[in-house]
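Letters A, B, C, D and E mark the chains in the order given here, with residues in each chain numbered from 1 onward.
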Amino acid sequence: MQVSDEVAIEINGMNKWYGAFHVLRDINLTVNQGERIVIAGPSGSGKSTLIRCLNALEEHQQGTIMVDGTELSNDLKNIDKIRSEVGMVFQHFNLFPHLTILENCTLAPIWVRKTPRKEAEETAMHFLEKVKIPEQALKYPGQLSGGQQQRVAIARSLCMRPRIMLFDEPTSALDPEMIKEVLDTMIELAEEGMTMLCVTHEMGFARQVANRVIFMDAGQIVEQNEPEEFFNNPQSERTKLFLSQILGH
Amino acid sequence: MTTLTDPPKEHFRLSMLLYDTRYRSATIQVIALIGFMLLAAWIISNTIQNLEALGKPVEFGFFGEAASYDINQRLLEYNSRDSHLRAAFIGLLNTLVVAVLGCITATIIGVLVGVLRLSKNWLVARVMTVYVEMFRNVPVLLWIVLAMAILIESLPAPRAFRGDEPEATMKLFDSVAITNRGVYVPDFLFSRSLGDIHLFGTSSLRFDISLDLVAVLIVLAGSIFAMRKVSAFAAAKQESTGDRPTIWYIQLGILFAPMVILLTALGCHLGYPELTGFNFKGGTHMRNSLIALWLALSLYTAAFIAEIVRAGIMAISKGQTEAASALGLRPGRTMRLVILPQALRVIIPPMISNYLNLTKNSSLAIAVGYMDITGTLGGITMNQTGRELECVLLLMLVYLSISLSISGVMNWYNNRVKLVER
Amino acid sequence: MSDVSFVRTEMLPEQAPPASEVGLIGWVRHNLFSGWFNSILTVISLYAVYYVLSGVLPWTFQSVWNANSLTECREIMMATWGSTHGHACWAVINDRWLQLLFGFYPSHLYWRPILSLVLLLVALAPVLYSDRVPTKMLIITGIYPFLMPFLMWGGTIWGPMSAAIGFVLGWFVYNLLNKQLSELIGMIGAAVAAVIWWLILSSYFVGVMDSILPIGIEAVQSRQFGGFMLAILLGVVAIGVSLPIGIVLALGRQSDLLIVKYMCVGFIEFIRGVPLITLLFVASLLLNLFLPPGTNFDIILRVMIMMTLFSAAYMAEVIRGGLAALPRGQYEGADSLGLNYWQAQRLIIMPQALKISIPGIVSTFIGIFKDTVLVSIIGLFDVLGLANAIRADTAWNGIYWELFAFIGALFFVVCFSMSRYSMYLERKLQTGHH
Amino acid sequence: GTVDDVKARGTLNCGVTTGLVGFAAPDANGEWQGFDVSLCRAVAAAVLGDASAVEFVPTTGKTRFTALASGEIDMLARNTTWTFSRDVDLKFEFIGVNYYDGQGFMVPKALGVSSAKELDGATVCIQTGTTTELNLADFFRANNISYEPVPIETNAEAQQQYLAGACDVYTTDASGLAATRATFENPDEHVLLPEIISKEPLGPLVRHGDHEWGDVVRWTLNALVSAEELGVTSANIDELSAGTDNPEVNRLLGTEGTLGEMLGLDANWAANAIKAGGNYGEVFAKNIGEETPIGLARGLNAQWTDGGLLYSPPFR
Amino acid sequence: MQVSDEVAIEINGMNKWYGAFHVLRDINLTVNQGERIVIAGPSGSGKSTLIRCLNALEEHQQGTIMVDGTELSNDLKNIDKIRSEVGMVFQHFNLFPHLTILENCTLAPIWVRKTPRKEAEETAMHFLEKVKIPEQALKYPGQLSGGQQQRVAIARSLCMRPRIMLFDEPTSALDPEMIKEVLDTMIELAEEGMTMLCVTHEMGFARQVANRVIFMDAGQIVEQNEPEEFFNNPQSERTKLFLSQILGH
């Protein structure tokens, strides 16, 4: 697990409002190539919003976001470029229920990357094997368990060969037995050196793979640190409170 | 006195009819069936007695007699000497015409309004809401009557086109006349026509098929077939290289070139409507009663379809759009590849039941004097012959078969697109 | 690596958003002119709204309210505005609005339909607001079906009484036979007893009681019903009576008794497959043919019968939806406690299924209610029929838009509020507590 | 028979149109008024002695015959043309003619048409469900000219379409045309063409086979006609009822003879009928006559003594 | 905890099919009065089906079932009799949401047993006290927690004073905190000597109260034994596999 010096994401003085509500306040963050960052924080603190801004799913109103050297502006071309560099996995999988697993995985490569179908299918099978469900390729999402669906969602993102992966609470909608299989997949991905930003409450996962843990509250980054430091020696009162709740459970 | 005994078996007791689950359901069903048959027998015997008293035994012979009335809007040739059966047939075709036209426009308007109601533009969304609520909450009969009144009052009468300085003029390079009697548009005439085929001889069901039209259709079918071949080729190309070649100009060429050649060969030209005497002559005439009915039915049904479309799109969770965007799909592609295929499953079944309603509502045509099946068979024919029982029963049968075929299609579709679930 | 560690010492306060995000400007920018496409749409809609309003508003408000005939109206318009076009003659509404609302119902008895309507709302309250209205009010709901006809048609009180006695009798016979023999026999016996009472004994009973104790109010012929009242009456009767029929049909359609099931399916699909107007033709032309020679009851009753059958088919589908929405566990729970089929239906399934179905029932009611205008085609004087009759009066011959505007507005107000109400119910059901 | 039914019921059920200017329409109080309506009232007065004991049942072109056949109404007084097939095939009994009419055409003066034969290619508004539809088809067919029919449910709508120019010609019974024209904003701009293309004897009808009832209605109508001929009016009837020198008047008014008894009615049945709305002439004048906005001339409907067709058989 | 010699349930050569699918194969089982039996087995093995057959919620096609001396046949009277002798508790409680807790409990006694309302309410309160929620009597099921609802369901069954109680995974739809309160109620019931058949995966409960554990797989009874023996010394391979999965978790 090496972190290069190359900058993957750079956020500078970013602010965002929903109407009059100030959700993200003066966010500054630099993520290097190969870094794995876990974002934690109480509900409503703006974690999802932050992640979604990186993918232009939400617009930000102030500040700049540079992803892989491209500035996230209103320019459609830039947005397209960034989206094809950045994969995203959602809490509720958001698989396309009318397409088979394989079609889910090949849809974007074929229509966005203009990959020949054959090649796209090979790639898809490759990643489905990686997430250990190649045998389900011809089923429909509705026929899989939650954990399997989430792994398909990861494979689907990977098929676009992104340089950065964003995860928004990928395990919080899953039954406990299934959480593990998804986390295993993510750990494997991390070991391969993928740049990852992951919103999660799985602290075991954070300890194991993260380079850095970011704690957000009330729309701001309150604390960031290496996992060991963060868990053993939290600085801010809010972090302490949060950790006592999470870990005490 | 016999020494033989039956093999031991569970002997049947009368009470088992009531208490034993195996017999109980049979008991209930037999009672229900007997009740139903008694009711039916009672009704039929009453009817027979009553009809006898009236001296009108059930018979359908009057269908062969001359109808003696004229029908203004018709697809096939008909005159007042034709039989009642033919009049009914003409009426049926008129019903189908307005139903099909109505379904098409209702769908277009409905989808448009449904999408616009979801628009982020506050004003547009409000205007569409007002439209939907206005139409949904006022009886369709009123809309039909109003549409007719508006057409009659707001469009110019043919006499307004007359004179040196007419109050009204024809539209589109003097080819279309819009009057309060209807719309006159140019039609296609063939100077080297191939003639007609006569089907069913001179019977009530007779109709002529223009060979010119057949030729046009064949060529059109050929072109479409070729176009599909081309797009299949493009798709194959995309599969193998990933790039989809631009083919729309080839397709256009395939579509139009043979058609143009054929039409020239047939000596096709337009017959323009012209004001002669009291009315416009020439061209194709669409009566205002048809237009009013069509307009009112489509606007009314579109209001319902809009709601269905809106609900259908909203039922596809926002997550689907987001996931597609996150994969880099543009909004247009997202709509076509992700949202629509899913929304259609939700939308189509209620949409078809609205088509059904529209078809049934078209029976209100009598309010504006459009001669559909209710106007001919259930209207003038019934009125002039006094054969209420036969006419009403036949009328119901016709509508029932239309409805059943539509719902048959619906069931077939539903079964086909059912989502595979665990 | 100490460079990654960061601790915020002071929390950032909430800041006001940039000006372009909020306020009138932000709103207009976001809602009306976000992008060229939206701007074009906005302009087009503005124009459309202006076009419609500029036509309708002057017509509506520069109008004549007091005149005795259309000619007089026109004279006043000429005198006031110098033209007869573009001005409404609301005088016709002023002259005839009571007739449009009540038809030919005797004017000194208008309180009866009004009271019926008010009582209807009272009777519905415990059903619609079961959580806020005392359950005791259900008594009114029970009495209403007998009280309403009495109020509307008047006459002797023994008629509705005798109808009610039929039900009581049926209940009695059912209990008796159910205890003695079996439930199935009980139900058949109850039905037979009630039918015998209604068809044969009831008329003697009414005759005798009426001569002993003549209690009654002035009778009104159903021919005198008309106008908007007729629409409401037809709608309420059709929905009210079709509810039990619909329940039976829905249960029949769900049942695994094949013959019963197909009879129900056949009925439902037949009714739903033909237009209402053909059923009204049956009511006006054929229904008498189907009944024993010499039976003759008036057209309004016949229309009510056909409308009821019509709405029963739709009602059955609505209730079937409600039944389908109930989890299987409810049936199993009832079964495992030893409740029999009818007890389970009555105590467990129906109360819940009907509650789920209320929005659907309201929508069906709106549909039926709108469809009542079709009775004008068979010559009944509902609002639309009356409008035609009014135009046949020498005084108002030639008037048009005003009547239709009035009728449209009447329907709009009633249907719109009901549809809003049903949406509210739906939302309440979705989020609602149990 | 129906006579007894009506007496037992205490009201007469009389079928009328759903609304035709001058012939039948409810007023603001829901009271029916019109020429046909008066006949219903006269019959009610004759049978029950009370001109207001009538239930008016509005019928459409479609429902009128069923309503009569099924017994829902006792008589139909709804501008219905007496034709062979209605009388014989449909099993009804026309008991006389209360209005002699014929189908005519109305056109705007501006069209410059002076004869129906010049109407080739014209658009014609007609009311459906009446004999006019059939007459029209026959007329144009016989003259070998083309036309385009616009079928319409009610007179009011036909009028609107005609005025807006959606049809060139409006055809219906001449009485209807005149009545309609009378209510136009500018009646002078429209003319009635000279051709009357059909005979339209309009009369009340009852069910076939119930002769007692048929007699009652027939002779009530005749009584109104005779009354006019004999000079009996609602103004002088009380005076005349005391007895006159004219034996026919006496028989009519029941002071002499037993005509009422023969019909199974009171002796003064005819007097009641006449009192209900006056004699035929009075009814005509009040509802559709020249003094009314409708302004129909008596024409064919004058007494035979004045050159018209009204001719009541003698009361003896 | 005494087991009498009286037979409560006797199943002989029972077979059941769903369409062509053979769910229950040749089941033979005798349960004595006062016995407490736990049925375990992998998902889909037919445990629920077996239990539901005992209550005539499902029909069996072959073999006989005698409950408390009454044969479960097609005769409605027998079915009614058996259902009033046998109480059943479901995984998803199946309380009637439109009735209060008290009404839920009195419904069947009033309508089936024709008990006077007063008496029925007293009985109901008695059993609600037993399951420790008398204070909730006037609330609606939707207002209670899962554990409370399940206890109401037990009380509702008890109000019919059944001689046999069937439980179909009564705790599997509950959050962990609530499982205990339901199990406690069941243990109490067991201690009073109620005949119980219980499908459950709570092995602690099985050890504590069961007289016998029955292991089912593929529609057949694979093994039955006393709890200690069953857990410590399983005989069949399938049982071993199953136990390793369940306990290893």
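Points worth noting:
Assume contacts are C-beta pairs under 8 Å (C-beta built on N, C-alpha and C of every residue); 3 or more make two chains touch, one makes a residue touch a chain.
All values derive from a computational prediction rather than experimental measurement.
Counted as hops between touching chains, the shortest connection from chain D to chain E is 2.
Contact with chain B and chain D alike is made by C. Distance from chain A peaks, on a Cα-centroid basis, for D. Chain centres here are means of the Cα atoms, and by that rule the chain farthest away from chain E is D.
Legend note: the chain whose CA centroid lies nearest the centroid of all displayed protein CA atoms is C.
Its C-alpha atoms fitted onto chain E, chain A is found rotated by 160°, rounded in steps of 5. When the C-beta pairs in contact are tallied for C-E and for B-E, the bigger tally goes to C-E.
Centre-to-centre separation between chain C and chain D, using Cα means, comes to 40 Å. Between the Cα centres of chain A and chain B there is a gap of 50 Å. Once the centre of each chain is set as its mean CA position, chain A and chain D turn out to be 88 Å apart.
Here the spacing of chain A and chain E, counted between their Cα centres, is 46 Å.
Shared contact sites, meaning residues of chain D that touch two or more other chains, fall at 62, 66, 153, 160.
Residue positions of chain B touching 2 or more other chains: 18-19, 24, 149, 366-367, 388.
For chain C, the set of residues that touch two or more other chains comprises 281, 285, 288-289, 377, 400. Pairs of chains in mutual contact: A-B, A-C, B-C, B-D, B-E, C-D, C-E. Listed in rising order, the residues of chain A touching chain C in the complex are 15, 17, 19-22, 25-26, 61-62, 211-212, 217-226, 229, 235-236.
Taken in their complex, chain E has these residues touching chain B: 74-77, 79. By the touch criterion given at the top, residues 327, 329-330, 332-340, 343, 347-348, 351-352, 355, 433-434 of chain C touch chain E in their complex.
Within the complex formed with chain D, the chain C residues making contact are 74, 84, 95-96, 99, 103-104, 107, 221, 223-224, 281, 284-285, 288-289, 294, 296, 298-299, 377-381, 385, 388-394, 397-398, 400.
Interface residues of chain C facing chain A in the complex, by the touch rule stated above, are 1, 4-8, 11-12, 14-18, 21-22.
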